[in-house]
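The first chain written gets the first letter, and so on, giving A, B, C and D; residue counts start at 1 in each chain.
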Amino acid sequence: MRIGVYVCHCGGNISEVVNIDEVLNSLKNEHDVAFVKDHEHLCSKEGQEIIFNDIQEYKLDKITIAACSPQFQGPTFKTLMERAGLSPYLMEMANIREQSAWVHYDDHKKATDKAKELTKMAIAKVRYNEPLSKYSIDIGKRTLIIGAGIAGIQAALDLADSGIKVYLVEKDPSIGGHMAQLSRTFPTEDCSACILSPKMADVPENPNIELLTYGEIKDVSGYLGNFHITVNRKPTYVDAEKCTACGDCADVCPVELLNEYDGNLATRKAIYLPTKIAVPHSYVLDTEHCLGLNPLACGKCQEVCKADAINYDLYEEEIEFDVDTIIVATGFELFDAKEKPEYGFGKFKNVIDGMQMERIIVSSAEGNPLKDIGKKIAYIQCIGSRDKQIGRPYCSRICCMYAIKQANLLKKGMPDRDIYIFYIDIRAFGKGFEEYYNTAQENGVKFIRGKVAELMENPDTGKIIVKAEDTLNRQMIETEFDTVVLSVGIGPSKTTENISNMLKLARSSDGFLQEAHPKFKPVDTLVPGIFLAGTIQGPKDIPDTVSQASGSAARAIRLMNQGEYFFDPLLAFVDEEKCDGCGLCVDHCPYNAISMAGKTAEVNTAFCSGCGSCISYCPKDALDLHLYTNKQLLEQIKEAVINKGDEPRVLVFADDMTAYRLADNVGNAKGIYSPYSRIIKVPSSCRVTPKLLLQAFHYGADSVLILGTETKSSPYPHCQEEIERSVKIVHNILKENEISDKRLFNTTIVTVMIKKFSGIINTYTDLAKTLGPIPLEKREKLLKDLGKKIFGGSHE
Amino acid sequence: MVKKDIMEEIAKANKSVIKGVDKKDIEHWATIYIMGKAYRVPADLTIMQAMEYAGYKFIRSCGCRAGFCGACSTIYRLKGDYKLQTAMACQTRVEDGMYLVQLPFSPAEKPIYDIDTVEYEENSFLKYFPEIARCVSCNTCTKACPQDLEVMDFIQAALRGDFKKVAELSFDCIQCGLCAIRCPAEIVQYNVAQFGRIMYGKYGFKENEFLEKRVTEIKEGKFDKEFKRLLSLSGNKIVDVYKKQQATKSKYLKKGGKK
Amino acid sequence: MKIPYYPGCTLKTKAKNFERSSIAVAEMLGVELVELPKWNCCGVVHSLTSDDLIHHLAPIRNLVRVQEMNEEKLVEDEFRLVTLCSMCYNTLKRSNLRFIENYEEREKINSIMEREEDYKGNVKVVHFLEILRDIGYDKISDKIKKPLDKLKIAVYYGCNLLRPKEVGIDDPENPDILETLFESLGAEVTLFPYKKMCCGSYQTVLDKESVADLTYNILSNAKEHHAEIVVTSCPLCAFNLDNRQEIVRSKHSEFKAIPVVYFSQLMALAFGLNIEICGFDSNYISALPLLKKKGYLKNK
Amino acid sequence: MSKMIDLSKEADEFLKKIEELSGEKITSCIQCGICSGSCPMINEMDLTPAQIMLMTLLGQKEELLKSKSIWICASCYTCTVRCPRELDLSKVAEALRQVKLRLSIDRIDINKMDKADLEELPPIALVSAFRKFTG
């Protein structure tokens, strides 16, 4: 093996603190090291060329670069490796800038010592690196979009325009969603239907979109690049191609029903046009209420249809297709105000919800109001929002503004209307919102701070009595109104549960679907290839929904345009020689990525997420993780602790996502911490096994820290539970061997806790100093009967 | 250890108790603490006797000294036991390590009522003793009762106006006041009970027909002769008669019991 | 069916008619309400401070009696405890829930009780109305001798049957258990928006005037909706709504008295039980004139 | 002149004490006032329930303990089932009452009660009232 070792000065960043010559000298005689070189700027073109030429000229197998953090220049050197014809995974970096020069500049000697050891740890690891390849899967250009509200439509159009094949599945007979019901949009007061209908019309026109209305996702299997979809499509019994929407069928239909589209304030027939702007623009037959789909039972509509578009002889069909990515845009459900009976919704005829008011405003503008609302109107905010009593503690984000909008529109329509908005807090945070709120005030809308407690109906007049406290004035209000509007909030659509189960998507505590990262991956999910658009991720208004839809389309395009999706081969693998087929790992993989193949376990690389938590469960050391093998970690541990001499040694397992990056941030901030610490990078804290921990103590670590990511932001939500379990096992073993369990500490951290990081390291260094080294006899006992200690008697 | 000469002083202080007893004959001794001070006393004395032995004089609150009147109720603790004990001082023997107080008296407010005008109604208890509504059913009163009465139960019965139950459950009450001392709701249970018994006796209790008959007989002078005879007997003779009579009574009761 | 039954103080004094009629009605339906052989105050009003245990001794002690009844075979494997009084129901049930959930506190209570056996947390406190619901309204309808179809009844829940949520026998904002019961008895149940409004409860001791104001509001609301008689299940509500009408009438001369009775009284009437069992003579505002007018009683 | 509120350490300690006694997180209150709107006794109150919450949060001990409202609360739990933060205000009122009752300051003088009232009232009224109004 020929390892080329390069030490970077980083233009003085390193060399002003670390004595480079000393480092070079200490490495010269390391086993397997072909030579050691230094350079001012290894990442420069010149520096890279030196390495490139050395690889060619000296036939180097592997490279170790002591420089900055691998987070920083790692990709540069990996590309260089590939260019030189080597696997990018045969290179390791020793982070002597962020972890030594920048954090121990107060003690050049200690910094130099640490730099030597960090480089030796990197060499120790690289010896066992394998020439792995990037792991890739092919991705085509097909996307399934579930839900064709404004989010689904926007995403579909964006994708289709970029040449992606889109399957747009909508459960209703028409696309358009809730937006098609609205009067105008806040704060600009554009006509909602007017701005939406062109977009709706574009959908069936687009050759790249296959629109599947009245369809329901029945099953999803497979993974990124290879999702297999089954959709059940209900027949509408009216051929959309033929239907001229003349309405003759509805005229003769004997069944009259409440029209949900008009908030049940108007009626429709069993055969009906879903909305005036419906797309497909065709009548549909509501089989639930139709007298029988049978000419013998009724058949009137079929008789009158001049276009011959009605056919009763249709059945539900099942459509199957494959896609590469999925966008979930199933939207929201309005809160059903009947769940708060104290407001009499559904019981008192003059208590309506916000959506009904939308329809009243639209119908009034058309000169045919659905309901007389009178002059004195009260709005009650936060119905179905910010209310723990009904399990909806969150703010629905749109109700303040739609109430203000409706009040403005009502005032415009009839300025002498007396409108009161009873609110808890007015949340007008969007662009132009506060100004729009102010417009309402200028229009004479009165805002009263207090949530209405209950409504009563005057039995004689039907007027509604509102009871509330004016919390600013500390006086009670009890007044009659002609109409009371409940500003109902929104919740995830009813299909969410089903969708989340089918796609294995996590839900946040409010019931909406959980995004991969609240800040940086707001439209991704933890399942590769599945994205979220619109209110299914959380309450939002139309502009936010549209931006998010375009965002999710862009994220999907980004993935699909590569044609291939590359992963680091951070994957678990099984040593079939060692595996005894006990199956413990199968039960414990949260991703169901391990199964039994004959007598041994097998890892399905499509599902493995590389957390490494399975390894702790293998009593035979048969499971391992590429890039972070047991051997690699053990060699790093040994290098870090064996030659510590009289110094205390704090070993830190830092997870890739948070703790390792935090250590870099501490370096960037030039935060000083104890130079007796040695950081070992792991993909997740649950990669650390009880055995590795005991080995660390066995070889001389005085204390061991495991720093990981908080569960709520971790890509591996099960991780903390797993590592806590391992830590508990080790704590017990330590106690049995009369070693203080304080020496081992696991915690989570976030990447901005710079002071806390230093604090923890220093605390555990002090502890290591106070407790002193663990006596050799105790350390030697630690590894005896390890299997029994960790796994109980069952496996020995 | 108390010095011998002090013991003599103590002995002198209360001759009535150890009169005729030679200290040499006292085999067992106990150390007790009265108001925090240690005393060594003969172990077979009652609390009251022991306190007198230790030099305390009872002018009031010592009552009948025979376990009937309830005047000498007291509280104490035993060494090593957290429980506050209650007892009649004339009926309870001292124990080694007993912590005693001066015999307490339970001050009580007793409402004035005229039994001829009080209505025999359920709410009469609450009318005169509204504080019984404060009872939290903690049962401390029952635990405190030296007569082992179900005190809480009769207070609860009073709350729901059950005169009969109050009277029956409280029949053996000696009005010692220990329940009232311990009650966190500041109820004076024994006065409530007394009210219950009086009212029940007057209005609820159905008078026995034989009683009426006997009263008439007495009034008519049927027993005058017998009374005269008994009054003329000497003390010892009277005792004999009483014993004889008791024996017959118990025989009769046993027979009746078998039925 | 034999079920342990907890009466409570007022059922033995001011609300005897409630108890008598309920026991009779239960009997008609094949349920024997077996009074706890020994019981104490339910501990009303439920103590609300987190550190207070002593006020929970009373309710828990009563629950222990249910265990004892089972041991003594007075009932057979029946750990439900039925109450009639809404306040007792609320207090017993709420304490029960607290000590079922909180093992440590239960142990503490057990250690303070000392003389009783330990409470094991296995008793279920139910209200008689729940038993009726379980029996089934069809079966109740079957027993009707005199349907209540001539009466316009307002059903009044008050607080303790409904709130807090975990204790309530029905939806706290939209209850209908009493409506369903009386509809099954053939009655016309009127709308009554104030049916769950508080009557002022124990404030009647300190401030009868304001309780009378509430009584006025509540009963006026019932009358506005054309009720002729109000039913309730709480002796304290009954007292406030019934007896406090005297003050109401002194303040509002136009106010016409309206009888307030226990649900069981009207049930007994519907079941054709003896008029003494119905106990209409002990309500403050007599329901007898109304019932006579409607032909439910013969004129004497 | 408007009254000044001193956000002192004592004020915070009072809040903590009430939070402990009641078991309710008073600082969670959003002052929506639904409690006040729901309160059947509101006409008799000098401080509204929402005001009690805010004043407790601010530790205004004297004003609170002086107020009539804490005694007027009839523990009807209407606010409890409506509070959007699921706070139990009846527990807060009880805690405030207890602060006084535990100092042996009773709200009702049993000795001075009218005998006719005592005869008329059902036992449950007395038991309940004494529970709430005496320590």
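One rule holds for everything that comes next: a contact is a pair of C-beta atoms (placed from the backbone, for glycine too) under 8 Å apart; a residue touches a chain by one contact, two chains touch by 3 or more.
Quantities reported herein were computed from a predicted structural model and do not represent experimental measurements.
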Can you list every chain that touches chain B and also touches chain D? C
Based on Cα centres, what is the most central chain? D
A-C versus A-D: which has more C-beta pairs touching? A-D
Roughly how far is chain A from chain D, going centre to centre by Cα mean, in whole Å? 45
Could you state the distance in Å from the CA-based centre of chain A to that of chain C? 52
Whole-Å separation of chain centres (CA-atom averages), chain A against chain B: 79
Euclidean distance of C-alpha centroids - chain C vs chain D, Å: 27
Check each residue of chain B and list the ones that touch at least two other chains. 123, 159-161
Got the chain C residues that touch at least 2 other chains? 9-10, 13-14, 41, 55, 173
Please set out, as single numbers or ranges, the residues of chain D touching at least two other chains. 81, 113, 120-121, 123, 126-127, 129, 131
Of all possible chain pairs, which ones touch? A-C, A-D, B-C, B-D, C-D
Which part of chain D faces chain B closely enough to touch in the complex? 110, 113, 115, 118-121, 123, 126-127, 129-131, 134
Chain B to chain C touching residues, read off their complex: 122-123, 135-139, 142-143, 152-153, 156, 159-162, 184
Quick check on the complex: what are the chain C residues that touch chain A? 171, 173-174, 191, 193, 224-225
Of all residues in chain D, those that touch chain A in their complex: 30-38, 42, 48, 50-51, 81-86
Residues of chain A that touch chain D when the two form their complex: 342, 382, 386-389, 424-425, 449-454, 467-471, 474, 476
